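Following this message is one structure expressed as C-alpha cells.
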Amino acid sequence: MEIELLSFGKIAEFITVKRLMLDGISDTDGLKKHLEDKFPQLSEMKYKLAVDKRIIQENTILQNKAIIAIMPPFSGG
Amino acid sequence: MEIELLSFGKIAEFITVKRLMLDGISDTDGLKKHLEDKFPQLSEMKYKLAVDKRIIQENTILQNKAIIAIMPPFSGG
Amino acid sequence: MSEKKIKNIFVKGAIDPSFIAESIAKHSSKTEIGGHSIFLGQVRKDEIDGKSVSAIEYTAFEDLALEKMHEIRENIFEKYPLTCMHIYQSLGTVKTGEICLFVFTSSAHRKPAIDACEEVVERLKAELPIWGKELFEDGSHQWKENK
Amino acid sequence: MSEKKIKNIFVKGAIDPSFIAESIAKHSSKTEIGGHSIFLGQVRKDEIDGKSVSAIEYTAFEDLALEKMHEIRENIFEKYPLTCMHIYQSLGTVKTGEICLFVFTSSAHRKPAIDACEEVVERLKAELPIWGKELFEDGSHQWKENK
C-alpha cells in the first residue's frame, strides 16, 4: 500500500518524505509505530494525524492512496 | 439655605430650575421629598442624587451652596 | 497610575473608523503586546411603535463621569496586567450605523485584554452619568435605557 | 448558513489597520447592529535566552483549517444571535508589532458579540492546523506553542 505524507511545522523539518510504501501496516496505530521507529524525534513530541483531511482521534483503517497529515500542536492566532 | 440644581436626561425636561431656596430642609432625604412634591413626575421614576459631584447612596447633610445633581438611570455606551 | 491625572474620554459626535485604525496602528511600537480587545457600540435603528430611531443624542455630567472613569481605570489596571487601555464615548448626535463607544485594551497575553475590555464596557454603562436620547425620524424622542 | 460555502480566512502577511477600519465602516449600513467585538493578535517581541523574536512565519494545512473554521462558524452562529462574523489569519511572515489575527463579531446587543468573539479566538487557536515559527534576529528560530 502506498500513502501520501504531509508534514507540518516542526515535523516538516525532519520528515521530508512525501510518499511511503507500507508493508504489513493497515491502520494508523501501525503507521504511528512505523513513523516513530523511523523518525525517533516524533516519539518525543505530541502530534496528531489527519487521514484524508479528517483529524483522527482513534485508530483508523488506512486505504491505499490515503493522504496522511502529521501535525504538531497548533499555534495559530 | 440655597442650593444649585443640575438636572440631566429625562429629568432636565421637567426640572429646569437652576437654584433653589430651601427652608427647613437640611439633608438629601428632605430634599428628595421636597422635589417629589414639587415635581410629581420625579416620584414615578428612578433617580440618583450627587452632592458636590459625589453620587450619594444614603441620606446626606446639605451645606449651603451645595451643588445637587438629579440623575435618571444612566444610558451611556 | 496613582497620580490623579484625569483623562478625557468624550469626543464630539461619531467615532470614525479611521480614528480606530490610527489607534491600532499606534500600538505597533509596543512590541510587548500580544493581544488587543476592542468593543464598539453602534447606534441601532430600533423601531418603537412603528417609528425608527434616526440618531442618539448623548449628554453627560462630564466632570463626574470623568472622575468615575478614572476610578474604574485605576481598578482595572490593578486587576489586570494590561499594557494599555483607551476609552472614547461620543457626546452630541450620533446617527444610526455610526460608532458611539470605543473601548480598547491590550496585554501581553489575550485573556487580560479580553476580560478587561468586557468589564470596562459593563462598568461604563452602569456607572457613568451619561444619557442617550433616541431621536425618531418624525422629530419625537425617547430616553434610552441600558439593560 | 447550512449550504456548504467555505469562506477563506487566510491573508498573505500582516493585517493592515486600514483594512480593519474598512471592515468596521462596511457595517454602518447594518443598522440592526448595536455592538461589535474585535480581537486582534499582535506579534510579540518575546525574548528567549537573550534573543529577540523579529517575526513569526505562519503556515497552515489550509484545506483542513478552512473546513474546521467552517464548522466552528456554523456552531457559533447556532449558539449566538450574531449579525455577522469575520475572521482573518495571516500566513507567511508577520513582523513584531504587526497584526496576525483579526476576529470580528457583531450583534444587536453586546453580550453575544463579546462571547462569540472570545469563543472563536479560543477555538481557532486550539483547533485550526496553523503553525507559527518564531524567527529570531540572529537567523535562528523556534516553533511557537499556544497556551
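The letters A, B, C and D name the chains in turn, as written, and every chain counts its residues from 1.
Just so we're on the same page, a contact is a pair of C-beta atoms (placed from the backbone, for glycine too) under 8 Å apart; a residue touches a chain by one contact, two chains touch by 3 or more.
Everything quoted here is computed from the prediction, not taken from an experiment.
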item: Fewest hops from chain A to chain D - one hop per pair of touching chains; value: 1
item: CA centroid of chain C to CA centroid of chain D, Å; value: 23
item: Inter-chain centre distance, chain B versus chain C - centres from mean C-alpha coordinates, in Å; value: 27
item: Approximate Å spacing (C-alpha centroids) for the pair chain A, chain B; value: 73
item: Cα-centroid distance, chain B relative to chain D, in whole angstrom; value: 49
item: Multi-partner residues of chain D (at least 2 other chains); value: 41, 121
item: Every chain pair meeting the contact rule; value: A-D, B-C, C-D
item: Chain C contact footprint on chain D (complex, rising order); value: 17-18, 20-22, 24-25, 27-45, 96-99, 106, 108-110, 114, 118, 121, 147
item: Complex contacts: residues of chain B adjacent to chain C; value: 6, 8-10, 50, 53, 55, 69, 71-77
item: Chain B partner contacts - residues on chain C that touch it in the complex; value: 41, 58-61, 63-65, 67-68, 89, 100-101, 121, 124-133, 143-146
